[in-house]
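These are the structures in question, set out in turn.
Both complexes shown next keep subunit A, but they swap its partner, so subunit B is in the first and subunit C is in the second.
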Partner chain A sequence: MIAVDKLCYRSKLRYVNAGEKFTYSMLTLLFCIVSRSFVLSGAVLMVNTTLTVGKGGIPLRRYISLMAVPSAFLILSTLAIIVNISKIPLDGYALPVGTFFITGSKASVLFGLRLIVTALAAVSCLYFLSLNTTMTDIMSVLGGLRCPKIVLELMLLIYRYIFVLMETASAMLVSQKARLGNKDLKTSLRSFGRMGSGLLIRAFQRSGTLYDAMESRCYDGRIRVLEEQHPAKPSEIALIISYELVLLAYTVWRGVA
Partner chain B sequence: MMAESEQVSEDIIIEAREVRYSYEEGGQPSLDGVSLKIERGKKVAFMGANGSGKSTFFLCCNGIYRPDSGTVLVAGQPIDYSRKGLMAVRRSVGLVFQDPDNQLFSASVYQEISFGPMNLGIPEDEVRREIERVMDYLEITPFRERPAHALSGGQKKQVTIADVLVMHPDVIILDEPASALDAKHTKLMNQIVDKLAKEGITILMATHDIDYALEWADEIVLMHEGKVLLQADPVTVCESREALAMTNQEEPAVLKLFRRLVERGVLEEGLRPPVSFGQLERYIAEGR
Partner chain C sequence: MSKKEKILLKASIAFALLFAVTPAVNAMHIMEGYLPPSYCVTWGVICIPFLAAGFISLKKRLEENRKSITLIAMAGAFIFVISSLKIPSVTGSCSHMTGTGLGAILFGPSAVSILGIIVLLFQAVLLAHGGLTTLGANTFSMAVAGPLLSFGIYKICSRLKVNRKVSVFLAACLGDIFTYCVTSIQLALAYPSESGGVAASAVKFLGVFAPTQLPLAVIEGILTVVIVIGLESYARPELKAIGFLKEAK
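The block that comes next holds the complex of A and B.
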């Protein structure tokens, strides 16, 4: 999470209008899921990788390692579909093991592979958004979409204070380590519990002072703030629309055929 | 006669009359009858041991805490604790908290600075113009796009001052602005404070740095156990060694040296005590 957060502030696509990026990734995601097509998902995966790595300047190695996180999960879960153990060999492939076969049907192999590619393409859409858009910008898009204000205000505060909480926790951890607070399992469990209660108390204190600080600036129960503006470019909008129309056309054509 | 008294009251921007405040009902009072007057446009240093009531007093100055008894007056008017009255007081008296992490609630610098003026109901275009002006003035522009958690301590501090300055306050209260800053950023902070003071903004600053207070302040308020022990010009306060000792303060280095030099006959007696080493150096160079 922290890695993604750091990367998105460095992305070259960061200042592209957040609404554009949001619409692009959500529509593309929708077409990936609806069409479930090899060709479309493969194309989407390639386009997103090019955009994020090529245009956004996210290092390829970081991108691959981020994509590997869901892939591991995906492969494990599709294994169950592709691999069967049976006495009768199926039409896809069959490896004899003693009197049994490790085997799978053509249909299930195809289904499994398609699932992997579709899911990876879908994940790449979400990564495109989160690696090139700051959390603040995503929240302002959600605001534009009439997301409830209370949810947005909570997101704003949580996003800010999650980092403060982590800083405090890591400082506490260091000070515990410095006093042999984790010399064995029993002590480290106890230390961990103490850290938890310590953090809770600090969080309460901080929320009190934060409230005072906000009151000092005339807070009245509603967080009203402005964001930096990055207007949408007509050329980019045109590009997104035509890309999505191609995806739509392909999805419809496949559905009919 | 009438006109004269009005004239006087207009010059006082903040006044406290016998202010008492305790965090718990019937508990140890944090403020135990604070009375003081702050003139408009002055630079006032608040000094005193930890827990002497400086921060509590500051929170009374813009109506966050309501005194148990006594009155706080801003620009000659007792604080009106209605919604509307508090809005006016809080616009006029800006508070910069000691720990920026307690003040910055948004990860975005721009959002953060826009909060105050948006609460005041200022039109959006105007708020945007003001944000640009303040960012430029406090040299925040180079890091405006960075998230709050990626800012250094000094940069966070600059943003907290911008938060308050954007509301055009008459008074800015800084609670130990230099705490946890390195020498370079302390200097930068001092430059910013001087810049604000030159614009005619009254500045109240809590500090433990007596050498700085002696040189910078027009007046020092020495607090002790919830009371004002002494309020006077810096030299007078710094020379009352008994009061300093009571409040865990050391005598400023420059005054200590000056006293020794006079005792040894290097400098003649009756000179005005220097407020900075520069001034002391001049005395010596002039061979007085």
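The block that comes next holds the complex of A and C.
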């Protein structure tokens, strides 16, 4: 149902220590957006693709289609950055429309391109984390970072119930489709709305049952879960540290130069 | 046709095609890595008071009635699911609801701020809608600003005795439009235009996203009304339990 969640359970890097993967992707992400350079972002993009596809065993085609998810936002907002409407033509390009120009400077076009590469590299960092780490592992990392207990508990319950509700919703949508519930815009709007209210009613009912079930298993305000332990390997830590140091050195060098 | 006209024609065809083939129109989450670090931090810091308020009210609610944890969790899961499903749209491109307007009307804006940041985190990790560095900015526009406005409009309308359907529609629709405006302004502040500064840039971002976001807001409004009607006819006791139907007792 959720492609990323399915794929991450199949990843070969799933049992690598979650803290390592989290630290790696966060630091790399940070260097990407701080340095915002073609070279660093390109390198990060390549390394992450190799890690996720090569080491993790995520199919390349799936990876590429996942990378295209934010493309609509990327294209539209970059267009908004590099296209100007002004009376004075700028040095990059200029298309006259009546008395105005659709125009942009060379610097801004370069800036836009750099932004696209940076954003793609950043998305690849996000995917490295989400395609190789299960959500429960990410939550235990967040727990280690002192995320409030109530929030973590809510996350755990929400994560579990996303799938239950999704299954319910898709069953409802299928049965609506089978009864021509989507024959035109009006009926499909009505069907979707009814599915929504039906879903929420079911969710309310389930929440009561869920609480009873939890209480009968001695729920006292805290959900205790056993975690699998996958200790970090020193060689992997060394590799991550040296990689991040290279990124840091490049970022600092570029900042100075 | 002159050469310039040809270029213009080609450009306009390309522009039209872009809208025809947009793979997925989300509720305008700012994507991962799109904001400079200083803006990521600033928006995150701005969210903290709202999140703290949400956290305190959540804690109070749980102390009053521990049973409400499952209800709140279900609400969060519901918001995620409803925002991840394709909704019927006019243009044929696939788009998604935000669901936060509905959440704000039903559960109040303080609960939605915490639920919103959790849902946004899940959306970023599981669906790549939005991102981890842009979590602060997205939380502000989608889990704080939009729901607050929706809730305000809903309250004002019910004070003024406006028809409930109309007030729900206005709350959801305007909340959506407000979210889209806030996101455009966030982008404009980070990327001011070369000719005209922040204001011109805001107009550009608003313009670029208007064709997808405005119909979406209307559809979101209609769907929220249909959902609320459905709830009112089949789930009165539950609605009373969460305090939505207090006055109708």
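The working rule: the second predicted complex is superposed on the first by the 214 of 257 C-alpha atoms of A that agree within 3 Å, B and C clash if a C-alpha of one lies under 4 Å from a C-alpha of the other, contacts with A are read in each partner's own complex, and residues count from 1 in each chain.
Operating definition for what follows: a contact is a pair of C-beta atoms (placed from the backbone, for glycine too) under 8 Å apart; a residue touches a chain by one contact, two chains touch by 3 or more.
Bear in mind that the values here come from a model prediction, so they are computed numbers and not experimental data.
J.: Counting touched residues of subunit A, say whether subunit B or subunit C comes out ahead.
T.: For subunit A, the partner with the higher number of touched residues is C.
J.: Considering only the touch criterion stated at the top, classify A:151 as touching first (subunit B), second (subunit C), both, or neither.
T.: In the superposition, A:151 touches subunit C alone.
J.: Look at A:225 in the shared chain and tell me whether it touches subunit B only, subunit C only, both, or neither; answer first, second, both or neither.
T.: A:225: touches subunit B, not subunit C.
J.: Tell me the contact category for A:216 with respect to subunit B and subunit C: first, second, both or neither.
T.: So A:216 only meets subunit B here.
J.: Is A:180 touching anything from subunit B or subunit C once the two structures are fitted on A? First, second, both or neither.
T.: Neither partner.
J.: For A:252, select first, second, both or neither according to whether it touches subunit B, subunit C, the two together, or no partner.
T.: It touches nothing on subunit B or subunit C.
J.: Does subunit B (first) or subunit C (second) touch A:200, or do both, or does neither?
T.: Touch partner of A:200: subunit C, not subunit B.
J.: Looking at A:90 after the superposition, I want to know if it touches subunit B, subunit C, both of them or none. Which is it: first, second, both, neither?
T.: After superposing on A, A:90 lies in contact with subunit C but is clear of subunit B.
J.: Who does A:169 touch here: subunit B (first), subunit C (second), both, or neither?
T.: second
J.: Counting only touches as set out at the top, which of subunit B and subunit C does A:239 meet: first, second, both, neither?
T.: Neither subunit B nor subunit C is touched by A:239.
J.: On subunit A, what residues does subunit B touch that subunit C touches as well?
T.: 5, 135, 157, 159-160, 164, 206, 210, 214
J.: In their shared complex, at which residues does subunit A touch subunit C?
T.: It comes out as residues 2, 4-5, 26, 29-30, 32-34, 36, 66, 68-77, 79-81, 83-84, 86, 88, 90, 95-97, 103-105, 108, 115, 118-123, 125-127, 129-130, 135, 138, 148, 150-151, 153-155, 157-162, 164-166, 169, 173, 182, 185, 188-190, 192-194, 196-201, 203-208, 210-211, 214, 221.
J.: In their shared complex, at which residues does subunit B touch subunit A?
T.: Going by the criterion above, the answer is residues 59, 62, 64, 83, 86-87, 90-91, 94-95, 97, 99, 101-108, 110-112, 114-116, 118-120, 124, 127-128, 131, 144-150, 163-164, 167.
J.: Which residues, counting only subunit A, touch subunit B once they are in their complex?
T.: 5, 9, 134-136, 156-157, 159-160, 163-164, 167, 206, 209-210, 212-220, 223-228
J.: Taking the touch rule as given, give the residues of subunit C at its contact with subunit A in the complex, in rising order.
T.: 4, 7-8, 11, 18, 22-26, 28-37, 40, 55, 58-59, 62, 66-67, 69-78, 80-82, 84-85, 87-88, 90, 102, 114-115, 118-119, 121-122, 124-129, 131-133, 187, 191, 193-196, 200-201, 204-205, 207-209, 219, 222-231, 234-235, 238, 241
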